[in-house]
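Okay, so chain A shows up in both of these, paired with chain B first and chain C after.
Moving on, here comes the complex of A and B:
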């Protein structure tokens, strides 16, 4: 019993230590961070957070990130839902091959697509917009979303669709009123995965933006300046970056658990 | 009101599922489609419902061609073998959904749902979700949703298969009485001849996408048009043998005169397929003209108060496997020789093309 608890304690310690360190760093001053090893801030300060929330060049980073992440999630679901439905319900020539090769984009590292995206977006005037980053991320999140959703949709018997038509539902009405509620766990899981991909992705987001749509992850590198690194500010930004992810996981945790058990994740 | 299927044919990827189906369903009638799995029962129902467009032929309802009318506009309902309900809606919402879509007044919806739920004995479960109910109740919910909207055509695709024996009997009984007072056309698909008989009504035998025979259930049971139809209607199947008739003499192991058997004595000299029902074989002689058969017991299956005796008969040319359905419990050891009697008056006669030639006179006796 005690051994088990010790094991658990050690586990929590190792998992949470970096996060703990990040959090206390964000409440320290730069002098303290660089000066000595302290387990608790000697001069507890909110200055780092105040800087982030008052300086537009900082907080706009969060706004930009959240904007393109939300945009990515919406586009992904809007495109992947009908696509997955088609794959799960209809037979057409090459459907199985197409379904498999959908994932081919995910077989290459995102960096491969940097140059084509940069060139393409510059020439059509999409460069440095939220839509640019969202669309670039869709290249990776949509195939995975189709793959996951198809698993959930195939779990719904086709007879449900037919019964609905017999009852008098039109296709659209059926899809929204009957079908989507039946696969809501799958939608939760899909949204979670596309959020996670888009929120942590740095390379595409940084390359495809310059000023107006600059994501928080790119702004964080700005703290490397002539006067050295602003450790405290950087830590505070890091803490604020974790929060949205934690919130999203909190809200979809039941769906994700069900999704792992039922569908294709 | 009537539903007419004209020359319906359906081919999927070069494979023929239905061929040349011509059927007529009257309003207020209860019709049974009897056929094995893959006989085309489900396909035919899907064509009637409008879920599938037949590759040939027309579906005509009340004189109007509805072949191209969308399923939503057909006013049909359907109950599947699986328990199909909307799992995220309560039983009440499930039953009410077709009425809501038909834009009925809320008070009318309430009344109709309550009535139908009461009819199907699920009033106590209206606020639950379908998956919280037992299988029988789930199917009752699906049936309620099919019955509530007063559809012109109600299709049942083996609705009782997934239920246990007791529930199946009671639901079948209720279903039959429900349809007594209805104006709609009910079509019920099943693989079991016993179920078709229990439901009564008009029975249509389907075999490999073709209609073998249509008519009252009892008539099909006793007067099958050909051997396939006879096999579909009888479980276990009829016991068959081939024999020739020469000058009113039947030669099968022994020679026997047909002169005193009413339905056989007119037979022209030729080869015939003969058949006898398993329940017409006896262990005792009936003191009427009969075949006396030496058999070897393979297996005696005892079910409640009946015995199914599987035997083999060697006629010198081939070994025939027969089943005798005996009332009462008999225990025989495998390999025992046994004499069975087959009264000539109960023989079915089919010609060389498997078409029925004469039937034993059974139906009149039953009336």
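Moving on, here comes the complex of A and C:
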């Protein structure tokens, strides 16, 4: 038992140490970072954070990122919910092929779609909008969402649907009033996953935006300048990107393990 | 579950289908179109057939980066899967705030944007300002990931292990939670050894989640781009240039559209082929699992 505890503790230490290093670095001045190796900031400073929160070209990056992530989450849930219901309840022509085709999109390397996406969204006038990034991310988040939701929905007995129809519920009424509340943990987990995917992705988000919808991860490269890298500022920007994830995972903490197994355990 | 045959279900699929098709089929057609043409500018293009494919298949640089990619994917699988199982086995069994806290701490690396993961390790592994690099040097190793190819490899692998082992651990953890307590009690009565419990009770139940884990880890590691790009920029030399980066260099750096498109399709096909193998075994195991599940409950 003690051995287990120690092993787990050692692993968690391994997970946290690099993050700890980033966090304390964000409170140091650049002189201290480059001058000496200190485990705790000697001159505790908030300057790096103040720079980010007072400069629109910095904090707008966060606003942009959160905008397209939220858009992606909403679109994904809206179209994945009915689709997952269909997959979990009915057989229809081409269902297996469709499901595999859907998953195959999850397997496409984003680098493959880079250039075509750029051209497609430019040609329909979506380039450099939040919607373009959200739609591009949908290609990868929808397959996963359908997969997870289908797993959760299959866990709901079909007798419930049938009873509701006998009681005279219409499909829409049943779906919204009865079915969705029954799988709300599944929906929470799905929302969490589409958030996660969209939040961490950089390659597509950076390619599909230039000014107006530029994500924070692309703005972070600004810290590299002719005079070297502004380590403190970079660290502070990094720390701020971790916080939304921590907040979101808090809400789904009891279901997250099941969600990672795609609702299938 | 017995499903009803009903083709009207397509109406429920339609919005999703339209959206994904817009984002998947049109771009894919564009890529196919590029891969068979030689494009000079907007209006001049020649049909060249399979020439680009032949060129890509002969290209030494791509062979090297494909080899590197396979070595990388298999080495991280070999480390992350056993380590993930081990961590899952060490997790506390009872629900409570300690378990929630452990879960959240474990999931932390998964929620960090990939470029920030690169940044974290870029800082952490540097000899002058990073704890890890500094500690390695203090211990007497000559460690410098920006100059030495082996060190760069080790750092990229270590970073991926740090980043993605939690995913495997969480998957396995949820698999373990699904085992009814009665199994353990029966094992206790039979005085089964720790190993026997793992081999005959825990491992069979883990199989389904492990296939998902292997599948996801294979796919994602095969597409890795951002993390090594930020950490090492693909260097030193080409030591850590993986497929996605080679492709991006070709498509956007050099604007070799034809070869890049042909390469894209081959790349996609490789991922698809390997994933299909996993998917088939996944659905087979899923069925076994269902049978077991209905028998035990």
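Throughout what follows, the second predicted complex is superposed on the first by the 249 of 265 C-alpha atoms of A that agree within 3 Å, B and C clash if a C-alpha of one lies under 4 Å from a C-alpha of the other, contacts with A are read in each partner's own complex, and residues count from 1 in each chain.
As a working rule, contacts are C-beta pairs under 8 Å (C-beta built on N, C-alpha and C of every residue); 3 or more make two chains touch, one makes a residue touch a chain.
Small disclaimer: the values here were computed from a predicted structure and weren't measured.
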Fit or clash - chain C, chain B, common chain A: fit
Touching partner for A:63 - first (chain B), second (chain C), both, neither: neither
Which of chain B and chain C A:50 touches, first, second, both or neither: neither
Touching partner for A:159 - first (chain B), second (chain C), both, neither: first
Winner by number of chain A residues touched, once chain B and chain C are compared: C
First (chain B), second (chain C), both or neither touched by A:168: first
Which superposed partner A:8 touches (first chain B, second chain C, both, neither): second
Touched partner set for A:182, first chain B, second chain C, both or neither: first
Superposed arrangement (fit on chain A Cα atoms) - minimum chain B/chain C Cα distance in Å: 9
Chain A positions touched by chain B in one structure and by chain C in the second: none
Residue numbers on chain A that touch chain C, as the complex places them: 4-5, 7-8, 11-12, 14-19, 21-22, 25, 33-34, 37, 75, 78-80, 82-83, 85-93, 95, 98, 100, 102-117, 119-120, 135-136, 138-139, 142-143, 146, 154, 158, 196, 199-203, 216-217, 220, 231, 234-235, 238, 241-242, 245-246, 248-250, 253-254, 256-258, 260-262, 264-265
Chain B-touching residues of chain A, taken from the complex the two chains share: 157, 159-160, 162-170, 173, 178, 181-182
Chain A-touching residues of chain C, taken from the complex the two chains share: 1-10, 12-13, 15-17, 19-20, 22-24, 26-28, 30-31, 86-87, 89-91, 95, 100, 102-116, 119-121, 123-124, 128-132, 134, 162, 166-167, 170-171, 173-175, 177-178, 208-209, 212, 219, 222-223, 225-226, 243-245, 247-248, 251-252, 257, 260, 264-265, 267-268, 271-272, 275-276, 279, 286
Contact footprint of chain A on chain B as seen in their complex: 49, 51, 71-72, 76-78, 80, 82, 84, 86-88, 97-98, 101-102, 142, 145, 149
